[in-house]
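Common to both upcoming complexes is subunit A, partnered first by subunit B, then by subunit C.
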Partner chain A sequence: MFGFLKILAANVAKGPSTDPFPFVESPAPKRFRGKVRLNPALCVGCAICRHVCAGGAIHIAGRPDGSGYDFTLWHNTCALCGLCGHYCPTGAISMSSDWHSAHPQTEKYDWCERHFVPFLACEGCGEHIRPLPSALTGRIYADNDVDEAHLARLCPQCRQLETALHLGRNGHEDHKRA
Partner chain B sequence: MSSLDNPTSTLPIGPVHVALEEPMYFRLDVEGETVRGVELTAGHVHRGMEALALRRTLFQNIVLTERVCSLCSNSHPFTYCMAVENLAGIPVPERALYLRVMAEEIKRVSSHLFNLAVLAHIIGFKSLFMHVMEVREIMQDVKETLYGNRMDLAANCIGGVKYDMDAELTRFLLSSLDRVEGAVRKIAKIYGSDVMILRRTRGVGLFGREDARGLAVVGPVARGSGLPLDVRREAPYAAYPRLSFEVVTEQDGDVHSRAMVRMREMEVSIDILRQCARDLPAGPLSVLLPEIPAGEALARSEAPRGELVYYLRTDGTETPNRLKWRVPSYMNWDALGVMMKDCKVSDIPLIVNSIDPCISCTER
Partner chain C sequence: MKKLIATLSARSPWLYRINAGSCNGCDVELLTTACIPRYDVERLGCKYCGSPRHADIVLITGPLTARVKDKVLRVWDEIPEPKVTVAVGICPVSGGVFRGGYSIEGPLDKYLPIDINVPGCPPRPQAIIEGVIKARDVWRARIGG
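Let's turn to the complex of A and B:
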């Protein structure tokens, strides 16, 4: 009993251990799994995030006019598990340390992460495509001497043709050198 | 109804607020203040999670199983992932094995502190309850800083882990462990010597070694009755074969023994965490997933409450054909009938808490 009295006295002297929120900010650690954020510049619309999302919080839909696609993530459906960010190939999805989740009932349908990702016309055939972000082309063509910026603006078929021609030319030159 | 011929009367306890804030219904035959017979009724929080698992992909089930229970929320996805890995023969990288052990042991320390705090709460020793919960906050901060959440760590993915440690986080973990270790030693001394605690817990809820063997109990309930059962030792998984640790047992089989098993296990866990931090090998965190073939697999692990078993059957699609798990509380549940025999009505919450029941796991 007396052993505990010492601890009790020390705890009383230490004062309350809770943050006096909302009068002061209560910051979360850097790794805190808070609201999910999307960087639309990196999103390629592969939809792996939608595939692994446990709550079905992610919605990706192409616009009928082919101008791009809409990415919507419903914060109220999100389980904050971080699988989307873990499997995202470009690092477009990340978890912020924003833990605030109070919002009025009237805003519940707007409480989303919404982005429009535009399509561009392929420089080869003119079809509407999502240009590849440089983070991805850098990885795909890391060992190849190609014009990445140009390839990024081509549709998959034109890109295939272009790289095949490029490799063919280089291969031919290599052959001549040999 | 009590009468002169039949001196016992029926006392319903629960389903709300027996020891923890989880529903459990007891129909007791009492004679005065003494319990003569116990009948347990379960099923109040059945959520149909096994059926839900069959409608979700293998990925989505990592998240679903993490939400079976809060206190052992890491053991469920961890064991589930092991079942998938066993089925598809996925080799988990060495670094991931250590990181998985770290997540498990951090959760174990928090879970045991919670159970011990609740013991003080039931006795009515509220200041001790507050103190133990405060010590647990150190572990909660560790979880929040390392994993990003106080309860659901989301540490596991199929084929590895989702988080990594760096030098700064390791320093933070080790300094937090030092703080917890000092506090746990002091708490252990109080639980081992305080008259109020000893009088309420010694010789209460007796559960002998033979009973423990007969009812096949697991975890701290078995170890509190002198049975050295620990999946980490018997069927080593993850990085446990490479770590040295003691299987804690106590011989008396009462509420106090089970509390002291948990108390000493925390020190063992802290030691395991230090070994992991010291030996953490370099390397990748997860592997690329192969196709998950049709088949069935089993995985076992030692959750804070005891042995957790996952059974998985797949049919070659991304959705499991059957996912079943057996939780430790299901095995320990029946022990209550033995423990409560001839106990006082006022000891019921203490005895229930001493098996650390998890109703949400058991009924899912």
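Let's turn to the complex of A and C:
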């Protein structure tokens, strides 16, 4: 008959189970997918994120003067699916744990992730290009003994030429082994 | 007497939900926010009501489909002024993943004055609570309580 006392005592000992959010900050779980964040140092502008985005939240547009491109992500149409981060080849896009999304209507169109990624002139031909981040060149040229830092600052055509000349001089790794 | 009622009622705005063609994801989060003790929006003096005529803050989910558009606007008109409109989820704010669909009339702010946006797909219950708090502040300012 007094079995409930045991439950009562256990519940009192456990304390309230209500999340005290408005009065105390509520941290998100470890793998929570909150607002999308871009690291502009890693972004190469391949636009695969724009291609896979279900909500059409990502806009990537080059500046007319060729100085770089603007990356804009509107949080108000982002479905937080995480596909952009999943497909990002350089890991530039990640999901933060920031879940604070309530904002007044006046800030509706400012609720964006905006970044400008600058272009540099190719060291070979002078064309304006996005230099490859070292994270990417490290993966591409992992097995080759080349000057990665130099190749990263070349446009694709010059890079192709440079790599071909390098191989002509030194031979390919596979051929050396054979 | 009127001032006293305004002061007292400013502490407990009543919430009303309108589903404008939502997928039910945000509605489940609204339900979670109110009905399970872990989030419990009634701590803040808020309470869901069943009639639009009793409501102070209206939470709208869904991208406003062609089929429900007139009904949503009619129900919204039933809510007495001053009211605060909160768009919950990315659909009412921008159309979200449904934007441009043949049956989508939204975004909602083409037809209604929205006060607070709570984007997310769906937003976390805490984010909805944050939105309700912001709406409550707007509402208090509006009734001068």
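Keep in mind that, in the parts below, the second predicted complex is superposed on the first by the 155 of 178 C-alpha atoms of A that agree within 3 Å, B and C clash if a C-alpha of one lies under 4 Å from a C-alpha of the other, contacts with A are read in each partner's own complex, and residues count from 1 in each chain.
Definition applied: a residue touches a chain if its C-beta (ideal position, glycine included) is under 8 Å from a C-beta of that chain, and two chains touch if they have at least 3 such contacts.
Worth saying up front: this structure is predicted, and the values here are computed from it rather than measured.
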Discussion item. Contact-wise, after the overlay, does A:Arg31 reach subunit B, subunit C, both or neither (first, second, both, neither)?
Written reply: first
Fill in: Touched partner set for A:His150, first subunit B, second subunit C, both or neither
neither
Practice prompt. Considering only touches as defined above, state whether A:Ser17 meets subunit B (first), subunit C (second), both or neither.
Written response: both
Worksheet item: If you stack the two complexes on chain A, which partner ends up touching A:His86: first (subunit B), second (subunit C), both, or neither?
Response: first
Discussion item. On the A-aligned overlay, A:Asn76 touches which partner chain: subunit B = first, subunit C = second, or both, or neither?
Written reply: second
Item to complete: Answer with first, second, both or neither: which of subunit B and subunit C does A:Ala54 touch in the superposed model?
Response: both
Worksheet item: Which of the two partners, first being subunit B and second being subunit C, lies in contact with A:His103: first, second, both, or neither?
Response: second
Worksheet item: Looking at the overlay, what does A:Ile7 touch: subunit B (first), subunit C (second), both, or neither?
Response: first
Worksheet item: Residue overlap on subunit A between the subunit B contact set and the subunit C contact set?
Response: 17, 28, 54-55, 79-81
Discussion item. Applying the document's contact rule, which stretches of subunit A touch subunit B when the two form their complex?
Written reply: 1, 3-4, 7-8, 11, 17, 28-34, 51-55, 79-83, 86-87, 95
Worksheet item: In the complex of these two chains, what residues of subunit A are touching subunit C?
Response: 17-19, 21-22, 26, 28, 54-56, 74-81, 99-105, 108, 111
Discussion item. Quick check on the complex: what are the subunit B residues that touch subunit A?
Written reply: 56-57, 59-60, 62-64, 66-67, 127-128, 130-131, 134, 137, 144-149, 152, 154, 157, 162-163, 186, 189-190, 193-196
Fill in: Parts of subunit C lying in touch with subunit A, wherever the complex brings them together
37-40, 43-44, 90, 93-97, 99, 109, 113-121, 123-131, 133-134, 138
